[in-house]
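One chain, subunit A, appears in both complexes that follow, with subunit B as partner in the first and subunit C in the second.
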Partner chain A sequence: MKFKSKHISITIFILFAAVPVLLGFGYALLYSFGLTGILSEGFTTEYWEKTLLATEFWKSLGFSLFIAAVVMTTSLFFSLWIVISWTKNLYKGLLSYVTYLPLAFPAIVMAFFSFQLLSKSGFISRVIFNLGWIDDLSQFPDWTNDAYGVAIIFSLCLLITPFFIILYSNLYQNERIPELKALAQTLGAKKNQITTRIIVPILLKKSAFTIMLFLIFVMGTYEIPLLLGRQDPSMLSVFIIQKLQKFNLADIPQAYAVSVIYILLIATLIAVVYKTRPAFFNPEKN
Partner chain B sequence: MKKALQILFILSIFFPIAFLLLLSLGRNWPYPELLPQSLSLENWEFLQKSDSKLLQTFFLSLGISILVATVTTALAFITSKHIALSKYRNKLMLLAYIPYVLSPVILAATLHFFFIYAGISGNVSGVLLAQFFIAYPFGVIILNNFWNHKTRAIEELSKTLGSSSWQTFKNVLLPISKNALLLCFFQTFLVSWFEFGLTNLIGVGSVQTLTVRVFSFVNEANIFYAALASCLLILPPMILIWINKRYIFATETVI
Partner chain C sequence: MKKVHIYLILITAVLITACGGKEKEENSIDLTSASWEEIEKEAHGKTVNMMMWSGDPKINSYMKNYVAPAMKERHNIDVELSNGQGNAVVQLIMTEKQAGKKSNIDMMWINGETFYQLRQVKGLYGPFVDQLPNAQYIDLDNPFIGTDFQEPINGMETPWGNVQMTLIYNSDNVTDLPQSREDLLDFVKANPGKFTFDNHFTGLTFLKALLIDIAGGKDALAGDFNEEKYNKYSAQLWSYVKELQPYLWKNGEAFPQNVAQMHQLFASGELLFTMSNNDAEVDNKINEGVFAASSRAYVPEFGTIQNSHYLGIASDAVDKAAAMVMINFMISPEAQLEKQNPDVWGDGTVLKLDRLSQEFQEKFQNIPSRKQAPNRKDIQEKALQELAPEYMIRLAEDFRTEIINS
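So, the complex of A and B:
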């Protein structure tokens, strides 16, 4: 009976967790090779050639990687700085509660807020106008729908930094950093050395898997670049959905080709971690 | 200097909340005015109007999220136990991580055909199923941490002392897993509550959750109603996060 319930349970898990991904991947793969869908005329590599030879896709991939790298670097810098500088305050008082508040913000609300703050007619532009620094709203820089994704980076940093502050403040205690810090001080290490050679390496090493997961999350984010980004370059998920929803039916197989590349990229990254650091998947061995 | 920075940090966290609340009370905000020209509760009264549908949207979102979180937590609790006991634990967890990190909107895009084929695209059941596909692996990941050596030892001890499987489950496992279950419920509730891309794609715009409504209001350039809907969106998570922080985060670590 126990044997049976275990197998039913794991079958349900595979059915709802793995099968949808496989089905979606399979369908996207077939569609991208012209084996299914409205335009299906038999096997062809035409859509893959179009996708891989077009600069549009590479620009989108590069832009997504650029945004993910900038967001993660900025968020990690600020969260580490806050945790290391304000350690004691993060465990008690107002700060210990306030840090959790940004977690209540869905991406779409953060995108809307950022737009109202950073756009040409946004709050900052109004403040600067009233200070007399600009005479017209057209003089205000393009921070939304711009080529560098300033507003996208800003919004994502606002969403991610609090999470890492909480994570690092927990790790700080769990990894017994105060004791290590005291020991290093006793042995004559300078404040700067303690930070750069003990605290930061420990925190980064312990959060390496989470950092990788967040890099993937940021690369696949949708709502924020949809509201704050440009059509060209656009982030991967926006690029795929735009191609799927365009009137040009010939774009649909290309959208699926990009989806296949994206799923393969994610699966490969996770598989590499699985091979090199299997303990990440088993908390008891971590 | 440190104190001043901390005050600045606290203010920067409260600023978005205050800003959205202010916009939700506003009408007419011409450039370069710093604040809307008139502030009143008129927008909030819109919630009560039968043709506004915003309140219905709020309760629809709440219903979807509670259902997704409840089913996910219950199922993930059982599944995560069997995965933790399995000799293929790492391989099965690998399977859980792939849908967890995949962009939900891309997963929805690749699965949309099957939802249309099954006749559940554009309705609530389709949205529920699609959200379950992303919430369930997440639930398993959260609860997988709970089934450690200590929990298993307690379970074994209970059985050694003569409890039946049901008694062990009801009187031992459920009480000690309360925090983990609450954490899983809250986190999966938030996954569903925050979801936009997948809901919009599978719901084809017919299933109007709050996130979809915020997007519609933004597209219509109705910033005051968008701010109002945003306030409604951040209210339940704030309550949940407060409960989480007060009663659960003290004893559990999320990732």
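So, the complex of A and C:
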């Protein structure tokens, strides 16, 4: 009976998680080589060549990596700082609600919220204008649709940081950090040393796999960069949709080629980590 | 090995079950030779799935609270509306065709570029327009109605409404309206960061109007796509846009993603102009409280594109008869009259008024007048016809390479 239920659960997992992804990948691969699609004219490497030779694609990839790296670094810094500094307060009172509130925001709502807050005619700009710090709203810095993705980074950090706060506050207790902290103190360690040599390394090591998953998630995010980013450079997801859904149907195979390259890059990254650091996939062994 | 077999059997069984879903049954009569009475009888009690852009509350309300109840009451037809436009419609139909499945949508609201794409993938049913009794009232001889992106509609889509692009401004902030390309350049230079156009359909429509003006006006680019003309005049267009670029919003390094974002920037005062493909939209947005009451709309002397929007039936639609009955109602004088009322939607009619009964002619003439939107007769002489679809494809591509990525 136990054997049977195990089979069923594995089958369900394969059916609903693995099969659709593999089928989708196969379809994208065929489409990118002109082997399927209503307007397909047979096998061609044209779309792959176009993609790989386009500076726009590499800029998009680089920009996505940049945004993901900055968002993760900032979110991790703030979540670790909040958990370490406010551990006790996180479980009670107004702070416990306020900290987790952004989790209730869908990405598109967060994007609009950031736009209203950070644009030249937004809330912050108007406050500063009324304080007399700027003479005209246009003097307010470009934080939305800007070259460095300031509003994208801001929105994604707001969405992700609460998640890591929850994760780290749980790990803080589960890994018995208060006990380790007390022990280190009795051995004469300074506050800084306890934070940088005990608490932070433990929390980061235990959450390494989650961090990698979030890095991949941020790279693939769509609504926020669509509304708050610019057209050049654009994040990969926006670049793909641009090719997939604009006026030229002949661009669709190129969109699939970009998707396949992106999936292959991510899969390679995961495979390399799995091969070199198998324990990375098993937090218990970390 | 045995385990792998068990998994394969289980997965195959579930997949077969999943793929064997029931499809709606297709119409049982030959619609091409059926009389209208037979088509109405066939449509009775069916459900029409319509895909349409759902970004305007007034339009949604017209469909949900006027069209759908009328269809239920008169023909016992249920109307299911789903959100989707342009490429979403094309992608869905392409996928269904590839899968060899009947379409999940019966009819859709389309315009020129979608018409072009759907014809490329043979995604439209037809010709069917001549079979609709109310088609006799449509002004098909009008090139802004009977021709879609320079292509005769040939009965493959039914004109539903007609609009012209306008520039919207706040009369408290802008008094001297730019009328020519030179005026616009001077205005933008004098008001840096306060003008732009979106990176989507509306922005491209604006660029098309500039291209036509550069090429020599109204009929300069009429007819099929002309590579030589395009290369010549688009080079001048990009040179003009590059002159504008440093003075555009965000120094022309970014463009609003769509017209909704432009409206928001205009409403908050960040932009002095927004644009709309619906000449009545300024009234709608003032009524909704989105735009200031001092907002106005106008068409510059160099003209703007006037185009029609259409209703099409998917080539693999199941309830084609019901879709035809619904389209026939939507182009009826009463439905068109309701739609043209600025308090309802304000969409221009596609009917030729002198073909209507005296009663309807009077009703159309007595529609509550527009408030801040320009009079249709006044802007008609500045109306430019849509260009062949290849112009739009090339403009979209070259806009990226020449302006965005430059």
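One rule holds for everything that comes next: the second predicted complex is superposed on the first by the 253 of 286 C-alpha atoms of A that agree within 3 Å, B and C clash if a C-alpha of one lies under 4 Å from a C-alpha of the other, contacts with A are read in each partner's own complex, and residues count from 1 in each chain.
As a working rule, a residue touches a chain if its C-beta (ideal position, glycine included) is under 8 Å from a C-beta of that chain, and two chains touch if they have at least 3 such contacts.
Bear in mind that the values here come from a model prediction, so they are computed numbers and not experimental data.
Overlaying the two complexes via subunit A brings subunit B and subunit C into a clash. By the touch criterion defined above, A:10 lies against subunit B and subunit C together after alignment on the C-alpha atoms of chain A.
When the shared chain is aligned, no partner comes close enough to touch A:272: not subunit B, not subunit C. Once chain A of one complex is fitted onto chain A of the other, the partner contacts of A:121 extend to both subunit B and subunit C. Subunit A has more of its residues touched by B than by the other of subunit B and subunit C. By the touch criterion defined above, A:82 reaches subunit B but does not reach subunit C. Touch criterion met: A:223 reaches subunit B, while subunit C stays clear of it. Looking at the shared chain after the overlay, A:142 reaches subunit C, while subunit B stays out of its contact range.
Stretch 92-100 is the one among 2-10, 20-28 or 92-100 where subunit C clashes with subunit B after the superposition on chain A.
In the superposition on chain A, the residues of subunit A contacting both subunit B and subunit C are 10, 14, 115, 121, 137, 226-227, 244. By the touch criterion stated above, subunit A contacts subunit B in their complex at residues 5-6, 9-10, 12-14, 16-18, 20-21, 23-25, 27-28, 82, 85-86, 89, 94-110, 112-113, 115-117, 121, 123, 125-127, 129-130, 137, 158, 162, 166-167, 170, 174, 210, 213, 216-217, 219-223, 226-227, 236-237, 240-241, 244, 255-256, 259, 262-263, 266-267, 270-271, 274, 278, 281-284. Chain contact summary for the complex, subunit A toward subunit C: residues 7-8, 10-11, 14-15, 19, 36-39, 56, 115, 119-122, 137-138, 142, 145-147, 226-227, 229-232, 244-249. Against subunit A, the residues of subunit C that register as touching in their complex are 3, 6-7, 10-11, 14-15, 86-88, 90-91, 94, 97-98, 113, 117, 120-121, 192-193, 199, 250, 253-255, 257, 261, 264-265, 268-270, 389, 392-393, 396-397, 400, 404-405.
Taken together, the subunit B residues at the contact with subunit A in this complex read 2, 6, 9-10, 13-14, 16-17, 19-20, 23, 31-34, 75, 78-79, 81-83, 85-86, 89-90, 92-107, 109-111, 113-114, 132-133, 136-137, 140, 144-145, 148-149, 190, 193-194, 196-197, 201, 211, 214-215, 218, 223, 226-227, 230, 233-234, 237-238, 240-242, 244-245, 249, 253-255.
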